[in-house]
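Letters are used for the chains, namely A, B, C and D, taken in the order the chains are written, and counting of residues starts over at 1 for each.
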Amino acid sequence: MTEETPIPTRWVGPIRVSGNAVEGEHQVPLATYESPLWPSVGRGARVSRQVEGGIQVTVVDDRMARSVLLVAPDAATAVAAAHATAERLADLQALVAAQSRFAKLIEVRPEIIGNLLYLRLAFTTGDASGHNMVTAAADAILADVLAHQPDLEYGSVSGNLCTDKKTSAVNGLLGRGKNVVAEIVIPADVVAKQLRTTAQRIVDLNARKNLLGGIAAGSLRTANAHYANMLLAFYLATGQDAANIVEGSQGITWAEARGQDLYFSCTLPNLIVGTVGNGKNLPVVEAALERLGCREDRAPGVNARRLAALIAASVLCGELSLLAAQTNPGELMAAHVRLERRNQA
Amino acid sequence: MTEETPIPTRWVGPIRVSGNAVEGEHQVPLATYESPLWPSVGRGARVSRQVEGGIQVTVVDDRMARSVLLVAPDAATAVAAAHATAERLADLQALVAAQSRFAKLIEVRPEIIGNLLYLRLAFTTGDASGHNMVTAAADAILADVLAHQPDLEYGSVSGNLCTDKKTSAVNGLLGRGKNVVAEIVIPADVVAKQLRTTAQRIVDLNARKNLLGGIAAGSLRTANAHYANMLLAFYLATGQDAANIVEGSQGITWAEARGQDLYFSCTLPNLIVGTVGNGKNLPVVEAALERLGCREDRAPGVNARRLAALIAASVLCGELSLLAAQTNPGELMAAHVRLERRNQA
Amino acid sequence: MTEETPIPTRWVGPIRVSGNAVEGEHQVPLATYESPLWPSVGRGARVSRQVEGGIQVTVVDDRMARSVLLVAPDAATAVAAAHATAERLADLQALVAAQSRFAKLIEVRPEIIGNLLYLRLAFTTGDASGHNMVTAAADAILADVLAHQPDLEYGSVSGNLCTDKKTSAVNGLLGRGKNVVAEIVIPADVVAKQLRTTAQRIVDLNARKNLLGGIAAGSLRTANAHYANMLLAFYLATGQDAANIVEGSQGITWAEARGQDLYFSCTLPNLIVGTVGNGKNLPVVEAALERLGCREDRAPGVNARRLAALIAASVLCGELSLLAAQTNPGELMAAHVRLERRNQA
Amino acid sequence: MTEETPIPTRWVGPIRVSGNAVEGEHQVPLATYESPLWPSVGRGARVSRQVEGGIQVTVVDDRMARSVLLVAPDAATAVAAAHATAERLADLQALVAAQSRFAKLIEVRPEIIGNLLYLRLAFTTGDASGHNMVTAAADAILADVLAHQPDLEYGSVSGNLCTDKKTSAVNGLLGRGKNVVAEIVIPADVVAKQLRTTAQRIVDLNARKNLLGGIAAGSLRTANAHYANMLLAFYLATGQDAANIVEGSQGITWAEARGQDLYFSCTLPNLIVGTVGNGKNLPVVEAALERLGCREDRAPGVNARRLAALIAASVLCGELSLLAAQTNPGELMAAHVRLERRNQA
């Protein structure tokens, strides 16, 4: 019997945003057990509303990937099969198109280790995050490759070079999900009044903590304070497969002092989200997506990129707020104590 | 105004378990939008019940960490401060003990980069996951170190060498959360009947996909198929801070053929979970923890380790089931289609 | 005044090889202070001569990369500049062709972090490893991009996304240097007689040590025992820039039991080597390259790929020999003691 | 028959140094095919001589490690064996002391994956880099553990958690070799005159290239421009096992603007070098070590740490010089062309 686990949820903001995927001021939903997250993102939203254009969000790329694994007798056979498959790209694209209205195959990339052939398949998937769409397409492509390459054997429909819900470098370097940059230039007086700090102190903290501290920790393509918190809360509120926060959290915060003003950015190369598919038809989720303006009648992919842009803006709000707090000794703990009390009241 | 996002939840199993933290047969709650997860974990649970002792779970270690960041004029000063602080370990332990009934400081580990001094503080935190407990302790220790080392300046209460909710090598190598191994030896006939595969095919797939595929993907201390799915669902159902699946997902699946039987294990070095604290007092969560037997009157930490053991067993169930499916061409997709239809019916 | 540091050097083998870059039996030069390396590679060479076709070597890819760094005011400008530059690919190719007889631009790949634009430029470079060739080309391309994109500023001629002589995932995933697979199938009796072990024991050791041990160590795209030793010795003997063993050592050993026989392979995605350029005209180096048959009058790149294939075969010899020794308790240390004594005699 | 590969070598400097391992002004030997390295390090040396105290070098730690691999039936047995071995630390230390005058066992650290037990053994090794010393000690410890733990089986004398000559996070986080920080504060006028740049431009380049570019490249505990070049050249000239530049190159450059002055540092956690042992008795090497003052009659380890300090100072010189050059468009290429011509003349 299916029950329900209710996650406390608040709409925060509005956040002011602009860019190539969404414009205007929008409240955002955050479902979380960690109630201090709401005022933290709220503070960032307040900052955004004091800046012309608010947070500028740029969607840089949009794709979904699945890697299949084939077993060859030796590397030479694997190389030959990779080349032959590359030449049949148009056939494979037709195969995918015949199977799905939305999935489009855009790249087949081989990787050979010993006698093993991994083919990393990249697709666009419209407004779906695309997990199932690309698995179905990979299944068909795998069968087709095996039919054309009798020397190969089935290895796996997923060879972990995709890679789904696991830390990796491949997703960042080759792309998986929406690649989004959120950025803002905050005047010195807003930094002082709203964030109680200075541009230079944010820049120094980002370098020492997110960049150097991350490097020292043996992080991988990760330099941020807490992207995972905002991602989890937004993903849950909008019916996403929130296990994808694993790769989603592999993003980079970069700040510069521009005179006394602060340039602050969050780069999120792997936002694996959609506005249709699994989980999106539950009433609460559907209402959330509608309120975010992500269920309009638009070209495939536009709603999903709008959603990704709003997520990236929310990440920036929470990241900025926490870093600002950590520039001041004792502020983080005091805020936590105060906010948890207030939220529990 | 706080609303709720209801996550579909089912109790799956029971899973048969044994080891140093939990014994017997226990159903487990999984809150997820991805309904195929339930029968997937359920299949693994069925396997566990056909093996004497079921899944053997060993809790190897239990700690929580926070790193503070101090700024020195140069490395020599940072080294001297690190040594002086190491000699004051007993004082710092007393400081922490005076502040909290449950937090105990067990290690102070310095890391020096140029003129920056990171102190990674490790604690036991009883039945709490310990995020706030160690932040409060770190705040106090930081103030104390600054008072004793006038040449140092405040850098940050968190220097990202902790590290929280971000991919890293440090958490696996130095420990953060419960370090748990779940393992099982499955007779050949159970592998054949319940999993429709063979021990050798699981071993080969694990090597080619989880180990080699993960290495090729540029993964970091990660070799598994989908730990994140089970972790997310269990964490949400039990009120955990589910953003900690980021490091939780950095675990290793290891399988061996023992004759025709299958040895199968999941090593999860970073399960950051608790049975008290934030989110644990919501009625649904409280009921879930009680049903799991994790709210008994026991020595501090015992309930939380029991919970971690049940989580690790659930991870093994889902991991085993998916890998078995992927040894058979087409099975994964067919199962997804069938299960999603059934669950939506 | 230039002096000389003489590195002890021996020609080892011959190694029997076949594949798409070199055929026949060839001795190989190893310059090293670690004299046990010679008999270790020699043992592998002996194995190769007892197998038909010997070590099969497949050159999978061949390219050299350099990344330039440009500073934009914001991400939107960076994206626009990346697109505009992609459309000018033919112009940039002509620019490179006008400057060098051998460098050919084959790919321009953007990566955007906040307001920063990294362009990773890939080239073929004939028989040169290509460090200077691609730096010169990058200089010209950088100037050209800056001329066409007045909103961008110079960041660096190298943005470390190349990346040269540093551990990374990017070189393996996107390619830099020769990507080479060396493999061999060794009959059970040769395994027993020459290597004093069995196929299964090699397979088990490789999985437990190179794959799992490497993963546990937080390695990155690295699963081998000691590629760096063979690479260093071969690079020095042939005038290579041996600092490139850093990325060269990021390779993967993969073994399978085929019945009682052993399939053994070394995948080396980043062999950055050449047969012309810096260091190649010293008399000893020139003689070594000639003896290896790598200074013949062939199409550009053929000599360098032949060299890379011989290097990969030598790596396999040494890797196989060490792993075989480590399957037997105490053998490694005893061999070291014996060999060092003999070599010093 | 042993031949020789002569590597062109020059003594560069002197470099002015101070700190806890070496004082004064010292020329350093660099053996390399890449002749532009000499003037590059030479420029850094010139800068050092214009600063009081020159480059301050701090040796933070000094150890050598080897990991053995044991196979247990299950994790519970592995944990029990790890605990039992920890309790026998004094016995194992005595065992090592009986075998070697210089090797001292300082730590035994277990890591458990499934049923596998890795013991990472850390030692001090006097003036030797210690490869063979720790292998011999590990052999003895392994035999002893197996004798006391009849449920365990031999896995490997090296389980790759050491790890030797391979990229990893473990060496940086747990230590292997000398952990050294070299740093300098350069007055603004010296930055301008000798390096033709400003402190802020160096700081910006380091952040954008070494930190961010490295993170984007999927580097691991690596943020520098070209440590490997200086390490290779110095290692070859002093008889080191230069394959250890693989981990040696995993270091971090960190710069700060202090007003108009430049704070510049290189942190090198894994300098695996010695002044006695393999390769150190060749006449040219012996002469080099003597000229560096590293063959004096001192307490064990002092000569080797002095050597490591000189290496770190040389790394700083070359790193500073290259970064300064890359702040100026076109300077790098022009310098290369000019220097190669001059050196070949």
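Convention: contacts are C-beta pairs under 8 Å (C-beta built on N, C-alpha and C of every residue); 3 or more make two chains touch, one makes a residue touch a chain.
Remember, it's a predicted structure, so these values are computed and weren't measured experimentally.
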### Message
When contacts are scored as defined above, which chain pair ends up with more C-beta pairs, A-C or B-C?
### Response
A-C
### Query
Going by the average position of its CA atoms, which chain sits the greatest distance from chain C?
B
### Task
Starting from the mean Cα coordinates of chain C and chain D, work out the distance between those two points in Å.
22
### Task
Would you kindly tell me how far, in whole Å, the mean C-alpha position of chain C lies from that of chain A?
34
### Query
Just how far, in Å, is the C-alpha centre of chain C from the one of chain B?
37
#### Entry: In chain A, residues with contacts to at least two other chains
111, 113, 116, 169-170, 173, 212, 214, 216, 218-222, 252, 254
### Message
Under the definition above, what is the set of chain B residues touching chain D in their complex?
### Response
19-20, 56, 58, 60, 74-76, 79, 111-116, 169-170, 173-174, 179, 181, 183, 218, 220-221, 252, 254, 256, 263, 265, 267
### Message
Can you tell me which positions in chain A touch chain B when the two form their complex?
### Response
1-11, 29, 31, 33-35, 67, 69, 71, 111, 113, 116, 118, 132, 135-136, 139, 142-143, 154-171, 173, 205, 208-210, 212-214, 216-220, 222, 224-229, 231-232, 236-237, 239-243, 245-246, 249-250, 278-279, 282, 284-285, 288, 326-327, 329-330, 332-333, 336, 340, 343
### Summary
So, in the complex, the side of chain C touching chain B is made of residues 169, 172-173, 207, 211-212, 214-216, 218-223, 252, 254
